[in-house]
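The two complexes that follow have subunit A in common; it is paired with subunit B in the first and with subunit C in the second.
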Partner chain A sequence: MLRDGPLREDLMPEVLPPEDLPPRGAPRDAARGEIDRHEARAAWLLSLPTLVLMLLLLVLPCAALVALSLTDAELGVPEMHFLGLDAYLNLLTDRDFIRSFRNTAVYVGLVTPASVVLGLVLALLIEAGTDLRAFFRSVFFLPVVALTVAMASVWQYLMHPSFGPINLMLKLVGLPSVNWLGSSDIVLPALALIGIWQAVGFNMVLFLAGLAGINRDLYAAAEMDGARSAWSRFWTVTWPMLGPTTLFVVTITVINAVKVFETVATLTQGGPAKSSDVLLWTIYQEGFVYLHVGTASAMAVVFIVVLMALLLVQTRILERKVHYT
Partner chain B sequence: MKTSLKRLLAPLALLLAAGLSTFGATAAEITVHYPMPGFFKTVMDQIAAEYMRQHPDVKITFTSPSPTYEDGLQLMLRQAGTAEMPDVSFIGLNRLRVLAERNIGIDLTPFIKADAKIAEEGFSDRLLALARFNGKQMGLAFATSNPIFYYNADLVKKAGGDPDHPPKTWDEVFALAAKINALGDGVTGMAYRWQGDDWMFSALLFGHGGTMLSADEKKVAFDGPEGLASLKLIDRMVKDGKMPALTSDATVQGFTAGKIGMFFWTTGALRSIINGTGSKFELRTAPMPVIDAAKGRLPTGGNAAVMFTTDPAKQKAVYEFLKFASGPFGASVVVPGTGYVPNNDLAAKDDRYLGKFYQENPLFRAGLNQMNLMIPWYSFPGNNGVKVTQTIVDNLAQLVEQKTTPEETLKSMTAEVQKLLPR
Partner chain C sequence: MIGRLSPPARAARLALLLLLAGIVTFPFLFMISTSLKPQSEVFASGLALVPQHWSAAENFAKAVTRIPMARILMNGVIVCASIVVFQIVFALPAAYALAKLRFRGREIVLALVILGLLVPIHAISIPLYAAARSLNLLNTLSVLVAPFTLSVFAIFLFRQFIKSIPDDLILAARSDGLSENAIVWRIILPNAWPAASAFAIFSVVAHWNDLYWPLISISKTELATPPLGLLFFRAAEAGDDYGALMAATVVITLPLILFFLAAQRLFIEGMTMTGLKG
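What follows is the complex of A and B.
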């Protein structure tokens, strides 16, 4: 970036291009150094607005968050005390926080594999089909563009224990009705079901893009080499070539699943008895309802660290295994 | 030259005149904040319009409302002491204590002491006490509610009950619930709104004459016989009444869909339940089943109008507005619009306000008839005051799911709440 020709010529026309400089020796090096300094200054100048914005909007709030997390700050209470690492040690023994951590992990564990596999299957089916491809693409993509809170109330109706269509259908085929959102054993899988429904469409579109990028010649080559069945074509060409896409899809799905909030806030409020408490909901309750800003900040820091760790693991370790070029 | 100067000065003079005249007419501009616009927007607009009609020298402006009581409280805590702080806000009765303990909001005691007419304007001491904490008058109760008994007259009739004589005790409720349960077709006998907050639990506890904490507020007091009896009632709702473990929303939807026979919740929800029911079935209301006729009390829900302005010149005008909003006119707008009971003794009796309304709308009378039983919605002390309520709800959830017995619930609830109290 710094050494790009156009940048240099457009912004510093007074500086001579290198080929017009004296042929060799000290003067040339001095001029080169001069150019480098100019370039560096221009580069800093150009990135200044972004840097300032980043500082104001990202770095400072994060620093404030970390600072608050080390205290027992409370909204409306003027004095606060420094707790230091105790703030984090308290979290380790906070049963509710651990529970919400575990619930979030279970939720992610349910949503990610299901929505990735289903997204891939849908993409393959649509890709293989000839008619109505655009139609199916839009239909399955609808949940992604729909407003989550609005869709949550639809799910609330669908899952109503006594008159919800899902239970009425179960009854038709002779199955017992399920207390989807009111039972502490079922509520998390029920929320995961909604999460899967939401994520599948998005994953499908990503996989469709990935599929479109696979070179057709590879299939012809594979067929020559004896990959005749659909399965072996998938296993030897499609799946390996989709590697980068799959990595991206998994990453996005995990992040979105860890961030689950709207469905919990609108449908269960973490209940019954905290069985659907998830991290963001716990942080929200702690900070905005119980007014414990310090504790909520510590939880938020843990939340961010977990997300960053997941991202690092996925990009650094897995990236090595999915590129073939 | 002369004309151009005149041309220049004319608008200036006009501007000056306009400025002077508005200054002369408007003695005060009061900024008002309120929560839950879905409930209160129309009500607030009506009150402000009427107040400005009666007091042309006062201008009332609204800041953008907060979606919930929690959001409203947070906003006031954040803006306390800043220039953006509104002069008035409406704070949930169970959150007033948070303000009192943090010294935010103006104590109205001096204003009330100086006000000779306060009692004859319908503000009885019982009503004032709803918003009083440690001797601080944190506000004037604006919209108040108590729990009532909603029932589906069609289901009651079908089950062989008499809708004109609804159950008066919990035993009668459970007997009727069993009959309604026997109807089948996905119909449930009863539901009790134990979810969301500790309010409906306190209805049972206060109904037995119990209290949440000891008088010095250092120890849990619901761990005695009243608390156990309250939890046993909830246990019987599940065992005898076949109350399913539903979410709060699912319960209300089930009742308004005609799938639940009897339902116990705040009268504040009356208007929305009337609207939700439509003509699907005949909705009736009754007072809460009586537990202890002598000692029994009921909690008060709702919110209070709180003064925040620290400007002494403005405070007088704000106090007058608070009284107007929580007075008979305010009540005559709030009650029909929501189902809350009048927070003012005058409004209920006087035909100019609500006397006639109550004659014509019997559904609204259940809450009215219980007004003499209303005591403050207890709010817990200390910085975990709000968290305590969730702890109680979580324990109730396990009881309703029958994962714990009433005795076990009482034990864990007591221990957990005690831990959250200030030491």
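What follows is the complex of A and C.
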């Protein structure tokens, strides 16, 4: 989460509204041009440092990324060739890239539903009563603020095949041991378990904020209309009113899960036999270990496109479906 | 959801929450317990949480000496503090201009903000690395800070917040003769404090945790940030010395956890706000 994918910064649940005009005084027409010019100059001066940074840290790197992605550039190799779209077609037949893509999808598919549902359940349980609310909220939030690399090391010990506490507990109840991080069938679910553990607390606080925004009168009204049980009030009031929150939580979870890197880098390095290779790990390896800068750039462009597509889907659903506010 | 719970429901809620809290905190319990145990007990003792022989001193001594731990934690503090200060100093004036001033080119700046929100640092790390290499910035603390001085997310968040500040406040400041720059720091900053502190917490948590960029740009142990330092520790630590490794994770996890425990409300509200609005 914050962990996360280190940066949650890239999420944008909300599309900017059509330009609403900023305020102005109500100057007389004659003075207006002068004031406008003054205001515009001030605005440019205030934005200038940011604009320079945007050019250096965003626009130029993006342009360089796209340019590199069309070549077979390698770090330290002086000549490079222009491949054009072939660079991207090559990715389609790159078995390692496809596997990495599929592994990422599986990881996201495991983490998202589990951490969203558990986050909602925790939020509802906490909201349902008054005892120890703040205590539970903080306890479940702890994994969010714990350093991912450090907690990954802890999980490595917990999941150790011979003396890890998880396997010892399984043995205690008569179940066979599991080679959590060392078997190619289990490694993705094992990493997903760590991902879920970290995401749940964050999803919980988002749901708590969503629940706090629901008008209490709606529950009284639903009860008058015959929704007697807490269960039916959940489905008639809470669930529909939480629509926008849920969509947002799903999106943020998906985007953070797509950016899974820390646990893979710490625990499995993509193994065993590339069975936990995920997109960011593959890009990192291609670009910074094998120094295939061209290929890595093409992969990075695909990565951006995937993120954009996810946000586009979210915006579409938001426009079409969830308007309750 | 509403009203009082009956006594059995109240007990059931508490029991269920306590059980779940036990599951969630289970890694923390074992982290601390293992950091106190000698290696032989880690291999043999199984599920006992309290060690029979205490090895806390040896484990923690290894944790802080095998890598320059104090230096690494200090790097983390310097890097995170510099990043958050630069981010706010750059973002606030731009956000004010975008929220309250009218100028040609506003739409272009806004479009760049959106572009920035869509492009994670991971994706453009290759060109950034090439630039840092040619500027001889690799293996410096500056390279850990520089790429993050621009936070389009901060601009976005502050702009949303500043839009809700009444225009009268700004007009009054202007008629008092304040320059636009003075308005940003003397009027907007105090009024946007909730957004700024929420963003600060979000930013510190994110960058304290970040591994990707330090892993690429730093190869010297003494310049490592905490996550990278832990990777170096793991590399230096052959075999399965889990006692020392857990001691190192305790030392490295503790600062942020203590910070969180000291300011829980601020943390959770901050993260929720940046989550919901970001």
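The rule we apply is simple: the second predicted complex is superposed on the first by the 270 of 325 C-alpha atoms of A that agree within 3 Å, B and C clash if a C-alpha of one lies under 4 Å from a C-alpha of the other, contacts with A are read in each partner's own complex, and residues count from 1 in each chain.
Note that a residue touches a chain if its C-beta (ideal position, glycine included) is under 8 Å from a C-beta of that chain, and two chains touch if they have at least 3 such contacts.
The shown structure was predicted, so the numbers you read here are calculated from the model rather than taken from an experiment.
By the touch criterion defined above, A:D36 reaches subunit C but does not reach subunit B. In the superposition on chain A, A:P161 makes contact with subunit B only, while subunit C stays out of contact range. By the touch criterion defined above, A:S183 reaches subunit B but does not reach subunit C. In the superposition on chain A, A:R233 makes contact with subunit C only, while subunit B stays out of contact range.
In the superposition on chain A, A:T93 contacts neither subunit B nor subunit C. When both complexes are overlaid on chain A, the residue A:F288 reaches subunit B and subunit C alike.
By the touch criterion defined above, A:A273 reaches subunit B but does not reach subunit C. Of the two partners, subunit B and subunit C, it is C that touches more residues of subunit A. Comparing the two complexes, residues 75, 157, 160, 163, 288 of subunit A contact subunit B in one case and subunit C in the other. On the subunit B side of its complex with subunit A, the touching residues are 70-71, 74, 77-78, 80, 98-99, 102, 104, 186-188, 195-196, 244-250, 253-254, 257, 259, 383-384, 386-387, 390, 393-395, 397-398, 400-401, 403. Here subunit A touches subunit C in the complex through residues 2-14, 16, 19, 21-25, 36, 39-40, 42-47, 49-51, 53-54, 57-62, 64-65, 68, 75, 122, 124-129, 131-132, 134, 136-151, 153-155, 157-158, 160, 163, 165, 168-169, 172, 197, 200-202, 205-206, 208-209, 216, 219-220, 223, 230, 233-234, 237-238, 248, 252, 259, 261-262, 265-266, 280, 283-284, 287-288, 293, 296-297, 300-301, 303-304, 307-308, 311, going by the rule given at the top. Of all residues in subunit C, only 1-2, 5, 9-10, 13-14, 16-17, 20-21, 24-28, 30-31, 34, 42-44, 46-47, 90-91, 93-94, 96-107, 109-110, 112, 114-131, 146-147, 149-153, 155-156, 167, 170-171, 174, 179-181, 184, 202, 205-213, 215-216, 226-227, 230-231, 234, 240, 242, 245-246, 248-249, 252-253, 256-257, 259-261, 264, 267-268, 271-272, 274-278 touch subunit A in the complex they form. Only residues 74-77, 156-157, 160-163, 179, 181-184, 267-269, 271-274, 285, 288-292 of subunit A touch subunit B when the two sit together in their complex.
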